Each structure stands twice: as C-alpha cells, then as structure tokens.
C-alpha cells in the first residue's frame, strides 16, 4: 500500500512549516514509520539545515528529476532516526526547473516505499507552491494566531479546496498568557475564520530557534517541552483520537490552589 | 538681402525648459525568508519617514497574499489595487489610500484575488516611476521567495534593504537574495527580532554572526518585543509609539535613510585578526 | 566497441572484426590517454578474431594506456590466439545482458525505477560508489558543466548584468573578485581563484585546482573530471562539503581554522594540512 502524501503549507512565510515538517517527520519515524521528507523550496532550501544534514548533500531533487542520479542516491538517511530520509532541494537552481507533472511522478515513486511522504512547501502561492501541491494528496496548513498569517492561510485553504485536497490545521507559536489577556487570538478564533479541523496546537518556545540553528529536531530530546506535543500530533495524524490540550493560562482559582499546595 | 536681426540677450539666457524635479528613492524591502518582518518594516519605516514630514508611498507587491494594508489598519479603505492601476481600471489617485494617522503616507495595496504572474515587469517599473515623481520615498514590500513576485518588486527599485532575523535559515536566504540583486547595488541590512538575552546564552546568533556572512552595511538592529504583534493586530505602526524601543529603532532607521547623521550601529568584531581584516577588504558585493 | 560493466572494461569486437573497429578503439583510448589507467578489461570476439599483427597492435595499445587484459572470450579459434599471447581463454562470449548493452543512462523523468533504485537504503558511501562506477563506464563522474551557454541567467531585471562571468572554453583559470553568495555557482574547465568569501550555499566546480583567498564556507569540487591530484586551498577552509575527483568529505565537527589550509587526496581520503607544509609547494 502506498504511503500518505502530505504537503505542509501556510501561505505566509516564517510560521513554522519547515520546523513542523522536520519535527513531525521525526516523531513519525520515532514511532517506527518509514518517512521521506521532501524539500521543494528550490533555491532557498532550509529543511536540510533544520535536520542538520546540510553537509551530506550529494544529489538533490532537481538532479533526480533530470535523470542525472537515482532517487536512492539523492536520499539522505538521518543517522538518528534510521527510518527517516530527506530528499533535499537544489540551491543553485530555481523553482521553474521542475514541473508539476514531474513533481507528482516523483512523490508517487517515493510513496511506494514509505509510510509517509511529507512535502515541505515554500512560502507564497507561486510556482513553487503549486509544485508542492501537485505531489500531495492531503495537506496540513500551519498558521500562527495572527491576522496576516490567518489571511494567508485562508487563501491557501481555498487553493487546497480547489484541488479537493483534504486538510487540517496546526496553530503554531501560541502564547497562552497573551490569549488570556486578550492580546492574541485564541485557537477558537482561528478555527472560526478558517473553518478547518485542528490537528495540533503548538505553544511558542524559545528553544525552537536554537534547535533549528543547530540542526537538532526538538523531538530528539524528551526533555524538550514541545517533544511530546509533536508526538501527539503524529498519533493524531495516524487516526488516534486524542483531545487537544487546552493551553490557556491557569485561572486565578487554579493559581491559588497551586500556591496553597506549594505551601 | 535680409538684415541680421539681433536676438535680445535675455531671450538667449532664459532656459528653454524647467529641469525635472529630482525623483524620489524607490527602495525594495526584501529578505528571501518569509516571516522575518519585511511588511512590518516597510510599514514602520514608512510611517517614521512620514512623521519626519516626507511624502511616502508604500507599495504592497505581494499579489495574492497582501498584508501591508492590515499592518496599517487600512484594509477597509482599499478600493483599488496595483493591478487595477496597471490594467487602467483605476487611476493612481483612486488607488492610493491615505494613512489614518499621517497625511503624507499613502498605501498602494496588492490585489488579493490575483496571481503574481499577472503583473508584467515593465508595467511595474513604469508604475514605480510614476510614484517616484510624486513621492520622496517609495517603499516596496517584497514577497517572500525569489520567484516572479520578488523579481517584479526589485524591478522598479534602485536600492534594497535586506531584513534578516538572527537565525541560520534566514541568513542563508538573505545571502541568496543579495546574490540576485542587480550588480552595483549596495543593499543595507536590518537585523530584526534580536533577543540579547538569548544571544548571551548562546541560543541565538549575534549581529556579528549575521554580519560574518552577509557583510552588508548595517542600517539598524531591532529588538524582539511582544508589542509588535499587538500593534500589527491593532493596525497602528509601532513606530508611532513614543515609549517602545522597537519604535525608536525604526525611527532611527528612518532618520538615517533621510540622510541625518545618526550614529550607525557598529558591528563589534571580537578578534580583529588577520582573517577579519582580509574579509573586510574583499567582503561585500 | 568499448564498454564498462560491473566487473570492468570490455573490448567488444563484432562479427566482422576489422581494422576499422580497431582504429576506432585506438582513437577512443587516445582521446583520454590516462582515463582508463589501472582498469582491468576483457576482450570479446563475437566472430573471427583479429589477425596476428592486428591483435599484437591491439595488445600494445591497451598496455600503453595502462589497461590490464584479464582474458579473452571467443569461439574455439580464439583459444590458440590467447595461448600464444599468454592470456587466459575465458570461453564462449557471455550472453549479452540487456542492462550491459552500453547505453548511456537515458535522461528521463522518474517514472519507472528498478527495485534497487526505489529502495530507501540510501547511504552516503553509495553515492561515491556510483560515481566511481560511472567513471569506469566512461561517463563523467559529475555532470559536466555546459559551456555552450553562459552561466545560469540570474533572476534580475533586464537592465542588470549577470552576477558572474560566462566561462570561456578551453583550460584556463577563472578569476573572480568579490564574495560568492548562496545559490551562485562558478564552473570552469581549468582552475578557479576567488578573491573574497564563498558563502554557504555557493558552489565552485573546477576540473583543476580551487583557491579561495577568503573564507570557503560553501561547496568546492576540484578535479571534477577525475583528477585526484587537484587541490583546494583557502585562507579559511570551513566548507560545507569538499569534493576532489570522486572523493567527498564533510567535516561534522565545526572547524574554526586559524591559518590558511589546503585539502588534497591521500590514501583514498581527503586530507587537510596547513598550507606550506607537507611538501605541497
């Protein structure tokens, strides 16, 4: 049975597509699934950096599509998760080097040998975005609880609906204390605008920048606050019904209660 | 035989035509990576320049994903957009939206339901030319990426400001963009969302780390603050907030762009050894 | 015909072995005199073997280019010829296998892959092995830069000029002043000298040596057409990845070099030494 082909997209840049692709892929691999991550941001590749494998790139997606190497030569296996592979983008080319049909055929081949193919989509809605969608059969839309991001996510949800791609939502970088004080939109606010099922809610965490700089996905370290969250999202993706964690700040009552308990 | 008719000197000395007024500067705000603060920077630098009395036009070149209007709180006032002007469905005057707070600040919004490929590069260049004739500064908010949208945004400009956050991916993408800008340009850098506490803890790149790769003249450093999100959601540029250090940073940048002698932020090189000197000699575009 | 297989080179003579085929082979070997040096080969005669003198000439040419003949295939009459020249007689010519019919790998969209190709058992060394095998088959170890067109046109408005100069044909040294940004690539048959930095994401590909008078942080491939004697030198050698001929190396530990260094191939690996030492002048 061919694997699932999921595009991770957003419209707005910088909301966490690449970080989500890397960590969700690692979480699935940790659960023993065969996962292939595909970086389609030709010319602006970053997934290799986030995974820490940039020095091991020999061939890339464009060279596979042009027939200059085999898929298996271009795939990089993650040393930390043996069932996780990356197909890197090309850096010295641009997105017109690959057509939608070629991308579709390539993702199809990858899906033959994997349980999940996660496609990291570039920002925007131009050629690169269309290529990334071409290979997918479902989508995950990543957004932050912020007006511009939601507007862009809305545009992208429209495009996914146009192609009849089932999709769900991840709300990233939420700050419960700001939601509580009314300075930030809540998940329900977001859900109301986008009218999409929520796959996961991820709080803002200052460790993210450091781990992406160092190329060490959060999921590696069970002490990381976000590690169990990505694992839960992976389980939900596979169909488990896990309720969403309410991330709101503790109410006054619970604060008092915990203060009393601490004595 | 005809007599030679002397021409009065006054007529000879009068200039035949008035010299054209100087064109405003057209600056594209770009980055490569999305989400580093291009739109916020465009809005705030524009607002700060307008607060200094300059005539400023802000152009949203992110066709299909427009956001500049939201940051300025003008989304309900947009009637026509860039493509309407290019396709002659509306005049520039109809499309330019005046800011709520500053009367020398105008917005030309992007089309939301169209695609970037709908904009023809030549038309974009002509449009920016028209704006330069009427404004002191034309700031072009560039979309993320390096595709057609990026190329169109750069096409009409004569200078670039590169916005970069202190993260490895952002630096890589900014470097890529710098390599794609026209030869001869000397783009300036704004480092955005710096968190000195994290830098000291070694959990974030420093300005020096960013400079080591990009080697661009530093226009400004903007600290990270939750206030920015609130300001964006409220549609009031933080540059107008007298108490915010972020606002102050944007105001300094505007002053610098305006030619004022504000001391530029320096990049401290920890060990000015052999390599740093050589790098400085040959680094840069 | 000359073709490469898993087990080495094959000199294949069709039914009507003749002078023409032999001179073709000689010319082919002469094109790149040292390319096959050290290879092992077999000769296959599908029809009548060459005449004595022709065969002698063939042997001489083959040895001249440093190729070792492991044996000869052919019909019974070939056995005598083999014995006379002290070469093993390997028997009847092997049945041609479809995949060994000496076709260049066709450029195709990834529509049908062999099971091996589809398998996800990717590994870093496997890529090197493939490069070496392709070299043995006579294909370039790295896709050769195309010099019929100038360097990839940049995505810039028409008024601007391309950021990097077009590479001239023929061996020469390309001199580039200024920093190479991520995504930019310089390719040259000959050497490359960059005065400036080479940022991560930038690539240098040269058939000869590479010299960076600045920090090399991108990827450099010297000896790209197979010259393992090529070198990479830089004031600050901190590349994302280094390649010399078919060797690839990446330094997982983040190096902070304090002096100019040079990289070269030694004992089947890429080694790095401070410049000026190790007798590299």
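We call the chains A, B and C, going by the order they appear; numbering starts again at 1 in every chain.
The definition used in the following text is that a contact is a pair of C-beta atoms (placed from the backbone, for glycine too) under 8 Å apart; a residue touches a chain by one contact, two chains touch by 3 or more.
Owing to the predicted nature of the structure, the values given are computational and were not obtained by experimental measurement.
Undergrad: So, comparing each chain's Cα centre against the centre of all protein Cα atoms, which one is closest?
TA: Chain closest to the assembly's C-alpha mean: A.
Undergrad: Sort out for me whether A-B or A-C is joined by the greater number of C-beta contact pairs.
TA: Answer by contact count: A-B.
Undergrad: Quick check: how many Å separate the C-alpha centres of chain B and chain C?
TA: Between these chains, centre-to-centre, one finds 47 Å.
Undergrad: Based only on mean CA positions, could you tell me how far chain A sits from chain C in angstrom?
TA: 39
Undergrad: Measuring from the mean C-alpha position of chain A to the mean C-alpha position of chain B, what distance in angstrom results?
TA: Centre-to-centre distance between chain A and chain B: 30 Å.
Undergrad: Can you tell me which residues of chain C touch two or more of the remaining chains?
TA: 155, 182-184, 200-202
Undergrad: Using the touch definition from the top, which residues of chain B touch two or more other chains?
TA: In chain B, residues 146-147, 172-173, 176 touch at least two other chains, as defined above.
Undergrad: Two or more other chains touching the same residue: where does that happen in chain A?
TA: Residues 43, 91, 94 of chain A each touch two or more of the other chains.
Undergrad: Considering only the defined contacts, which chain B positions touch chain C in the complex?
TA: So the residues of chain B in touch with chain C come to 121, 125, 146-147, 150-151, 154-155, 172-173, 175-176, 178-184, 213, 215, 275, 278-279, 282-285.
Undergrad: Residues of chain A touching chain B in their complex?
TA: Answer in residue numbers: 11-15, 18, 43-44, 46, 49-50, 91, 94-95, 122-128, 146-148, 151-152, 155, 175, 178, 183-185, 206-207, 209-210, 212-213.
Undergrad: For chain C, which residues count as touching chain B in their complex?
TA: The contact residues of chain C facing chain B are 154-161, 163, 177-184, 195-197, 199-202, 213-215, 217, 235-236.
Undergrad: For chain C, which residues count as touching chain A in their complex?
TA: Touching chain A: residues 105-111, 113, 116-124, 126-127, 130, 143, 152, 155, 182-185, 200-203, 240-241, 248, 250-252 of chain C.
Undergrad: Using the touch definition from the top, list the residues of chain A that touch chain C in their complex.
TA: Per the stated touch rule, the residues are 34, 36, 43, 54-59, 63-77, 85, 91-94, 101-102, 105-106, 109, 112-114.
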